[in-house]
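Naming follows writing order (A, B, C and D), and every chain is counted from residue 1.
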Amino acid sequence: MIIVMKKGATKEDVHSVEERIREWGYSAHTIYGAERTVVGAVGVPEADKARYMESLEAMPCVEKVIAILRPYKFASREYHPEGTVVDVNGIPVGGKQVVIMAGPCTVETYEQTWESAVACHAAGATILRGGAYKPSTSPYSFQGHGEEGLKILRDVADKLGMRVVTEVMDPRNVELVCRYADILQIGTRNMQNYDLLREVGRVRTPVLLKRGMWARIEEWMQAAEYILVGGNPNVILCERGIRTFETHTRNTLDLSAVPAVKELSHLPIIVDPSQGTGKRSLVEAMSKAAIAAGADGLLIEVHPHPDQALKDGAQSLTCEGFCNLMRNLRPVVEAVGRTL
Amino acid sequence: MIIVMKKGATKEDVHSVEERIREWGYSAHTIYGAERTVVGAVGVPEADKARYMESLEAMPCVEKVIAILRPYKFASREYHPEGTVVDVNGIPVGGKQVVIMAGPCTVETYEQTWESAVACHAAGATILRGGAYKPSTSPYSFQGHGEEGLKILRDVADKLGMRVVTEVMDPRNVELVCRYADILQIGTRNMQNYDLLREVGRVRTPVLLKRGMWARIEEWMQAAEYILVGGNPNVILCERGIRTFETHTRNTLDLSAVPAVKELSHLPIIVDPSQGTGKRSLVEAMSKAAIAAGADGLLIEVHPHPDQALKDGAQSLTCEGFCNLMRNLRPVVEAVGRTL
Amino acid sequence: MIIVMKKGATKEDVHSVEERIREWGYSAHTIYGAERTVVGAVGVPEADKARYMESLEAMPCVEKVIAILRPYKFASREYHPEGTVVDVNGIPVGGKQVVIMAGPCTVETYEQTWESAVACHAAGATILRGGAYKPSTSPYSFQGHGEEGLKILRDVADKLGMRVVTEVMDPRNVELVCRYADILQIGTRNMQNYDLLREVGRVRTPVLLKRGMWARIEEWMQAAEYILVGGNPNVILCERGIRTFETHTRNTLDLSAVPAVKELSHLPIIVDPSQGTGKRSLVEAMSKAAIAAGADGLLIEVHPHPDQALKDGAQSLTCEGFCNLMRNLRPVVEAVGRTL
Amino acid sequence: MIIVMKKGATKEDVHSVEERIREWGYSAHTIYGAERTVVGAVGVPEADKARYMESLEAMPCVEKVIAILRPYKFASREYHPEGTVVDVNGIPVGGKQVVIMAGPCTVETYEQTWESAVACHAAGATILRGGAYKPSTSPYSFQGHGEEGLKILRDVADKLGMRVVTEVMDPRNVELVCRYADILQIGTRNMQNYDLLREVGRVRTPVLLKRGMWARIEEWMQAAEYILVGGNPNVILCERGIRTFETHTRNTLDLSAVPAVKELSHLPIIVDPSQGTGKRSLVEAMSKAAIAAGADGLLIEVHPHPDQALKDGAQSLTCEGFCNLMRNLRPVVEAVGRTL
């Protein structure tokens, strides 16, 4: 940590900062500049830094406190230089093979789920997505079928030999969803729902942690840290677009987060171009771009009849559209030295 | 709803849209323009609109669907033209009197809470704030004392004749927090935590709904709608800053949301200048500005010794600073025809 | 400047940084931490910092370079602790008196300008605003009357004893606009039009520098620095809203910029609630809030018949509306110890 | 245009809107809904729409006016369904071949430009980039060598058989820069510098129009419209990142703008991953992603010795890094059916 003193700070002010650092058991090194004095605090561990920074920042003689190291540990590549491969009941996420998770936004009926899943599976998807608990901006939108939806997903996936990824929103449902799902999805709105993060940190089921639409990469890493600290090492990150001033697309898909996360962290990262753009016609281009940027997989919404979908039809591919996407994706996957 | 057809849409396409609208039981009126045809759907109630819009938007012949009315009902001023006054166990929020909620960011000890509360009370605050459950970006930051903290808050408030506002983060804790608090605070990160919104919709304790740092005003109103639809009419809104590209302040306090919400909704709205700016030195100016903009109250962090605070010391006022703020605030309160 | 070395940087790497700093004539102080080494560069003047930071940042062994001081000098309050009062041909901006600049968005006709100006003047405005050169998002919108508009403004203002503020967009027009205007307005889109900034830095006519809708406060100060360095000390800042994800308002008026700028800089700052909100119904509330926050003045659009305006009618007040605003503003002005 | 009347608007109000539309010579079609009345205006040409919308929006009985068609014409794909190929003195931009523009951020010396150009040319770049007039946030940063820089660029490019792209900032310099450059670059800060857009609309030299860091895609298209309306059909768009809350990268590269622009417009679009990320280590991944998303080319900063660069060294590739990028890019280019 670097503590920048206010202009006009006295020697006593500087000593009060140095002393506080030493009281905590760390060493302090001061540089007296022409206009500002800065104090470096050496030896403070990650786990204590946030607290100490706040404390120093509140001293009237301090202008600001600057963190030198990342405020997370277990999620960082420094802690774990090798890339992590998460095992989803036999399907590796984060390895050479690009993983495709596809299916309907929401489980509406058995038939719709089955029809979508068969098409996705035939085209090469190995993990079936589908919402049983749906976060909806409006209380009047469809909220999902709950456990009934989970049963449909599990049954359809098992018949096709697929795995299941589905969202859990309520900490009280983590145990229930674990019974049906191979991956627990934490949605964008819940990226900083700490009680939920703590709850999924207690199980060993892999967690797909979507980026909060307002979250800086650093905060996303800290959300992952909550799960890792809790004891669950199986975290997969998912870039799904951030909120910006642009209104043509539903969100702004931040693909530079893919190589950035690869530098900062050892965790696998996939991309959701359906949520990321909100427009069916942009999904294929952004799927190719995501893989070219280094993503370990994709999460794509596919509906047999998008115009009859209860949610997100405008961004869902048809089964045929998904099939085309997969065909056109393959050369890009191979161009970056991976397999599909 | 206005449905804009794609360029080149055929008569059959237009009919397919009209028919779908009529099947749902509403009437369709089509305007054939030179370059685009638009269909107006008349009679669709709020409760069905979100669903129908998504469905129409997914039709391949449709370019976009535009909502004409607000996507919320009970939160709207059209539904309830008079401003709502929420009764917080005898203290009205939303009336002529401006309400000041103040206290420490976090309940650390009995002494610290007491010292802060006494000063706040003496200066004119009637509602004591303080966190027992704290949402923290880092898993290594202080997470709050839980029920112990609630007991301290209640005890201190009772001794001083104050009310208590405190955050609830986990749907499992709503009942517990209701036992101690006069107002349940929903924090910014939980504005779209729908299970939590549903849970606080089931009780009658007033709810302070903070704006999500990523939330458009319309989405904030829809979050309030969740609580109102659930049956709890006692919702107080709180503007606390949104996330923008500006880094000098912690958030960008959007004061224009105050008069905007007053037009759109009947619910009372207060402002949090502590979180909104993240800087102690800006709190007084923004408090005055909030009241001048028409806010019904303020939520302010006060700590007897900010540099020893476990959280948010840099944005906490000292007891003396709060006292000065209250003194300087009074003329502004009176200038806009209200009382303190 | 603080230079943070990459993890694993060698002693040689550190020396290469230290040497470079010393070659430039400054001193280097290194702190060896447990995980990172940081080098402090002492004595680098503002005028050289930007350049040196970029150079150090590009070294492969350097992780990042952190500036300790603000990257501007003449605009800073440290350089000039007293607040600056800009003299606009006898009207002080930045003193105890709040200054109201009002008038039509655009000069359309002599009659419209006259009608608007008479009403503004009667209600207490002392500076007449009006666009002769209009920046328009669409090439098909009205672009202003140019010099004809300037003549109308000057003539109307002179008859009423008012001053004139009007926008200059093209460096080739600075001299021309100076002949008619008392204040040169630099619009939001031109805040980083450096050739224009340099040109208005060469004259002594006061400059109203609007904040770029994308600009951090620090970048705004650097734009002011361009003008000050050029030799024109008469800079007035104007907060006019920044671009965020919120679409209910045209921009998000960042009133916290007012007290923030007052801390960072000695320059006067006014607020434009018309552009800032884009909605007539929000202008009065935000005018009061701006003054309560400490603004030195307001810039307000007033049109005798907004529904016949060629531009920005929706955010223009009627003459009557402006009159009401001024009446309701007075108590707030007095509440913060200023005069109107 | 769809005009939404305010709740409670009377028949007279509706007639006043209809009449105004008819006075302008267009037809009006009204739909009376249960809670709102909407009026459709049919036949309004693009060139008049912006003006009429503003006028209607300012009527007190009108809630809002919604545009149905895009507010630009010559830039739209509807106007020109075939993709445009811009001829840069023999090099087609927008065709099957991906075009690489590379070189130093700034022309510093002849040697540095030559060294960079030779490496870029050898690796496959055909257009040499380099700044002679540099927009710099700080007045103390290097501002470019002006005409001297242009001469160096021209000479180096001619010797290697390359074309030249370089920025013009001042309308007074357009003619001068045209004498040396094959493409005139309009930088991000100048996307809405209308006098400059008008000036480059008067020549026939191709224009590289960078997206404003604050600009919605629609506004970017309108900026292109200024140039096209002016008479210059040779516009190439360049996505270079937008400003968001994310601070890890310098900008947020919005790659979804690439397929979005391809749908909306016939103009070619390239991507600048150097400015877009601000980090050398992310440039290669984002270059691949840009091509996979459908971009027609790339603009990349290459410096023989980035740590001695006067500007933007941290985001410049070394000559070797650029050579690697080009090698790794080729398979991706081919995977999407294009050539390098």
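As a convention for this text, contacts are C-beta pairs under 8 Å (C-beta built on N, C-alpha and C of every residue); 3 or more make two chains touch, one makes a residue touch a chain.
To keep track of the chains, here are their UniProt names: A, B, C, D = 3-deoxy-D-arabinoheptulosonate-7-phosphate synthase.
Because the structure is a prediction, the values reported are computed rather than measured.
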item	value
Which of A-C and C-D has more C-beta contact pairs	C-D
Chain whose mean Cα position lies farthest from chain A	C
Rounded Å distance, chain A centre to chain D centre (Cα mean)	31
CA centroid of chain C to CA centroid of chain D, Å	26
Whole-Å gap separating chain A and chain C, where each centre is the average of the chain's CA atoms	38
Shared interface positions of chain D, touching two or more other chains	214, 243-245, 247
Residues of chain A touching chain C in the complex	2, 4, 7, 29, 31-36, 38, 40, 42-43, 66, 68-69, 78, 243-245, 247
Chain A-touching residues of chain D, taken from the complex the two chains share	214, 216-218, 242, 244-249, 252-260, 263, 276-277, 279, 281-282, 285-286, 288-294, 331-332, 334-336
Chain B - residues contacting chain A, complex	46-51, 54-60, 71-72, 135-143, 169-172, 189-190, 192-195, 212-214, 219, 222, 225-226, 229, 243, 303, 306-314, 316
